[in-house]
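Just below is one structure, and these are the notes that go with it.
Labels A, B, C, D, E, F and G are assigned to the chains in the order they are written; within every chain, residues are numbered from 1.
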Amino acid sequence: MLEMQIWFYTGCALVILGTIGTVIGPGVKDPIVRILNTEIPAVGVSLIFLSYNHVLALLTFIAATVIITLILLRAVVRLEEMGAEV
Amino acid sequence: MDEITYLIYIISFVLGSVLGLLLSYKKYNQPFVTKKIDPVALIISIAGWFLVLNSALLFFLPSFVSISLGLFLVALVLGMRPGYGRYETVFGILISAVVWLALTII
Amino acid sequence: MNPLDFINLTTISAAVMFIGAAGIILLPKPLDKVIMFALLQGGFISTIVAARYLDVALVAAIFDPIATVILLMAIIKINEIRGKKAQEEDSSA
Amino acid sequence: MKLGRLWNSLANPKRIPRLFSIILGFILLTGFLIPMALNDNQLYPRPVPQEQINQGNPLAPYDRGGEVLKEPGIVISQYPENEPNLGKITSYLTPIAISVKNSTIYYGTSIYSSPGGLIDEILYYTRGFDTVLESTILMMAFVIASWVALNFTMRREEE
Amino acid sequence: MNLMANILLNVLIAFLIGSLLFGLQRKVMARIQTRPGPPIIQHLLHTLKFFIKESSFPYTAAMPFYIAIASMLCAIWVSAVIVGPVIEGSLLLFFGIYALQKIVEHNAGSSSGSPYGKLSCVRAVFSAAAEVPLFAVLVIIYLQTQTMVISDIINYQAVNGPLIFTIPLAALMFFVLILSKSPYSPFAITKGKDIVSGYETEHFGVLRGYLMISESIAWYMLLWVFLTVFIGPLGILGYLVGMVAISVLIAFINSITPLLNPNHSIMVQITFAFIGIVGSLVLMLVM
Amino acid sequence: MDIATLGGQLLGQIPLGDIVLYLTPFNLFMFAGALIFTTLIAISRTETQVEAEFGSLNDNEVKVGLKEFKIRRFLAVVCGLATAGAMITGDVFNFTLLVALIGIVNIGIVSAVKQIDVLNAAFQYGLIAMIASLPLFGGAAIILASTGTLSILEIAQLSFTTPMMFFASVLLILGIAGETGIAPFYATKAEMFRTPGSPFILIIHLSSLLVIVRAIEILLIINKPF
Amino acid sequence: MIVPEVVPAITVSLFLPALYVALIVGFIALLGISFQKKDVHALILTDIVGVAMLIIVAAVGTDLAEALILPGLVVELAEIMAISEILMSREMRKTGKKVSFMPMPIKMDMEILKTAPNFLSLVLIVYGIFLTGFTGGAVAGVGILFYALARKSRGLPFQLWEGVSGISGVAWCIWLAGFLILFVAPEIWLLGLLMSSFGILLKVASKMGLIGVLGREEFKRN
């Protein structure tokens, strides 16, 4: 039981930390940095899933995170390439 | 059955208005005469309003017949072309209202 | 209770994850962040191992390098674009 | 007139998401003032986390009982009367899954994600309509994205 | 009485009274602005006139759609009459009808391809933002009477007195809604004269006739709902007097107010809705 | 029973496992309305917008191209079907999913156009739709947590409303408002209506209005004020 | 008893902390969005809003909750995908710039891109097929995606893409047929089950793979 609680609260802490980091962390004016920071909440959520034993959801979530990251990076790179100010 | 009666009232009102409009264009050719009372219209109006408001007095007619007839006559005056039929209507309402009040209060 | 009992896979991986997270947030350069991200992922995978779901750990371990590669490629590409832009501005100025 | 200015500026599309998100944020905060608790009388409850893996169950954490093609597993669903085969999908394992099950105890997740298993039961059988919708959502999003990509962002030079 | 006959009767009454009320309204407005004004019958004649005019369709229109949408508006308001006076069904259904009507109204504008219709369409979407919250008044009625079925609401009022005294702010909200649907009202941004005739600009002949018929029925139905759910059980004479009174009141308001700019119109209505909803809820909690 | 006082007598049910669709006159009317409009859209062509050009006496015609027409019609029909489904579904989560589908398809219908302003509005609307998925699914999940069921028919038989359910329904209504772009958020939507293609745009508006009416029914069922 | 009658006490006790975390996260992210001037940053932050949603759903802690997480994930993914595409389309029209189709070749000789793709992708795809369903689809999809991303075989023609889209449409129909079988003919539920699983697998995987095609065009076009 203790292990599960450790995972759960670690997950909670990571999610909150990561969110704060993403919103007001240093250097988040750069979209790449911001996307990298969103990985922390993703890992935190994975831990919460794990502590509830939502393992299948966890598997799907890991795969989906990779894809979301790819999509966002693609958008950022393309926009940068265009020189768009967004 | 209530609604059928009301439909008849409305239709007779509408028909009266249409007829009144047509007649008034035939009869009057000056636009918008303000201070002039047409005696024929006055009589029609008074008769119409009397029939509408005091249908109870005319015991020989079913009330819906007298009211629809009255509404037809009322509309004939009320529906005249702009500027006509206003004073007539007012007189009609006044007279028949006085009669109605007199009858109900006394 | 022996304090050393607290040193097991669970607590260590939690600590590793925290270090990784702090690193990602605080380090300024994207490439450093990617390295810290690998640390975070490592901690995460060992947590899954501590939960004894080996198949999940396996998949997470496969996805880890993929995510890293995607991030790296994006960073390299964007650096290239920015470098080129800076050059253009220099030459035009 | 200041109020009129304000009203005009609220109609700017760019401000709307910001406005919406700030209102939503504060409404979320009111959640702290409201007494909330999980009603423990839920559908499809699951055992204590980690319990099954601690027992060395090779189907952990998704073992819901039952025997393949013989005996349905245990599922507490909303309308059992609408579901004549309730629990059978939960207990179903493919031959490969059975062989995996016999060789190791650490692959429960994979086994229960292959055809049969609890999630398949909920996603395809008891709440099948939801899955129709969610795969439709996915399909629509991809139709939109690929259409935009094909016609605007990828092949611009042909225009 | 047989149901079909009843429906037909009610629809006819709704159409005729609606048109006459519109005519009356124009007359009153004209008198306030010291013009002679058209005869009361004018709006009805105007409607009938379109059925004997030639129908032509713009070549830019979205074809079956453009015709169907105008007839649809008629069908929708006829079904409103069925839900309302005929079977006294659920108010929620009436809400749904109002929503559908809103859509038809705005798409009648955009399907013609005319820039004026398009503008009117954009404004109609915009104004829906204000009118839908106003319609939330039905929820307040539900909270007060514990039912959405019109006949039950009438019974409730027969026992407990008219709702207009218990939830006056809701009545005010509904009144603003009626006001926004009346011609020449300060909120009638979809039909403002700056965009010719709004969504009706490109509808000629029979289609325009349909639109005008449904407008008349709509006016009658809105007043009917107002009188039914706020004043309580009334005889037909009561309805007539009430409708005339409200029409005249609205004519007064319309003749002395300017047309608001779209954003402001919306925000004024939303402000009313906000005050109405919050105020009625507070009143309900207090009382 | 609450459902009868809201939408009229219960006419029937369509059971699909745990998801039970139910029909009252209200649901049936809205369902039929959505379907009629969908058919209408499927058979219509689009209008041509004629605008005067600046600086010359010519007219400027804005048309919907064939490819654009096809994809937009497809999406519009899907949106119509989703709206029709949302009218009769009897499950909170199913309803939220249908609303989410409507949201994404609405974005799609306008994303296929070429005007920058319209694309901007579509993007902002998309942002709202994504933000709104938090209150939408979150609200449904909190309802599940507090009542232990998602079926509206079951919830209707509960005799109480906890503050938690009320909070959940506030979230739910915000989510629906965001996803379908109703009420104060029409400003983003109104911009999207400037593009040609009236039949397809109809469905955007139709879905949002019908869904909000249905949402009111569902929320009144969930929250029992008395 | 394998499955308890009610939710275990520990899950109940974790509900409130999880919900509060979700509320805090949602609040911070939403506040972040409301102060964001730039659209692309707002897009990135909505990702975190989705995270808060997932936590709320997960906190219920039943099998049903797990089944409900999957739609949430899918919706999130799908919307980000569509909206980012719209954003790019809008910016392209705004700047009016034709992004050169073949700009600067990337000089990237990462070892992992030469040796790993075949193996990693194969593992992922095989494993995804074994899993089936949404999870399998996502896993296999990432496999395809990574393969497409890393392989040098560029110029996957237009027709092929449409073909892949076609597969996913067919797969969707297979899944629908499976769904119907489960309700219309409960006797052959096993067939329905298998059809559903593999239909969804094919559908999700092929869709995910499409992103790879989009992505490869960005990252590897020398």
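Rule of thumb we're sticking to: contacts are C-beta pairs under 8 Å (C-beta built on N, C-alpha and C of every residue); 3 or more make two chains touch, one makes a residue touch a chain.
Per UniProt, the chains are A = EhaE family protein.
Treat the numbers as computed from the prediction; the structure is a model and nothing was measured.
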| item | value |
| --- | --- |
| Contacts common to chain B and chain F (chain labels) | E |
| Which of A-D and A-C has more C-beta contact pairs | A-C |
| Chain whose Cα centroid lies nearest the overall Cα centroid | F |
| For chain C paired with chain D, centre-to-centre distance based on mean C-alpha positions, whole Å | 27 |
| Distance from the mean Cα position of chain G to that of chain B, given in whole angstrom | 76 |
| Whole-Å gap between the CA centroids of chain A (EhaE family protein) and chain B | 80 |
| Two or more partner chains touched - positions in chain G | 10-11, 15, 19, 26, 30-31, 33, 39, 42-43, 49, 59-61, 64-66, 68, 70-71, 74-82, 84-89, 92-94, 99, 127, 131, 134-135, 139, 142, 149, 182-183, 214, 218 |
| Set of chain F residues in contact with two or more other chains | 16-17, 93, 97, 100, 104, 107-108, 111, 120, 127, 131, 134, 142, 144-145, 150, 184-185, 187, 190-191 |
| Contacting residues of chain B [partner chain E, same complex] | 1-4, 6-7, 10-11, 13-14, 17-18, 20-21, 32, 75, 78-83 |
| Of all residues in chain C, those that touch chain D in their complex | 51-56 |
| Complex interface listing, chain A (EhaE family protein) residues touching chain C | 3, 6-7, 10, 13-14, 17-18, 21, 25-27, 30, 32-33, 36-37, 39-40, 43, 46-47, 50, 55, 58-59, 62-63, 65-66, 69-70, 73-74, 76-77, 80-81, 83 |
| In the complex with chain E, residue positions of chain F that touch it | 5-8, 25-26, 29-30, 33, 36-37, 40-41, 43-52, 61, 182-187, 189-191, 193-194, 196, 198-199, 201-202, 205-206, 209-210, 212-213, 216-217, 220, 225-226 |
| Residue ranges of chain G touching chain A (EhaE family protein) (in the complex, touch as defined) | 10-11, 14, 17-18, 21, 24-25, 28-29, 31-32, 38-41, 43-45, 47-48, 51, 54-55, 58-59, 61, 65-66, 69-70, 73-74, 76-77, 80-81, 84-85, 87-88, 91-92, 94-95, 97, 99, 103, 131, 134-135, 138-139, 141-142, 145, 149, 208, 211, 214-215, 218 |
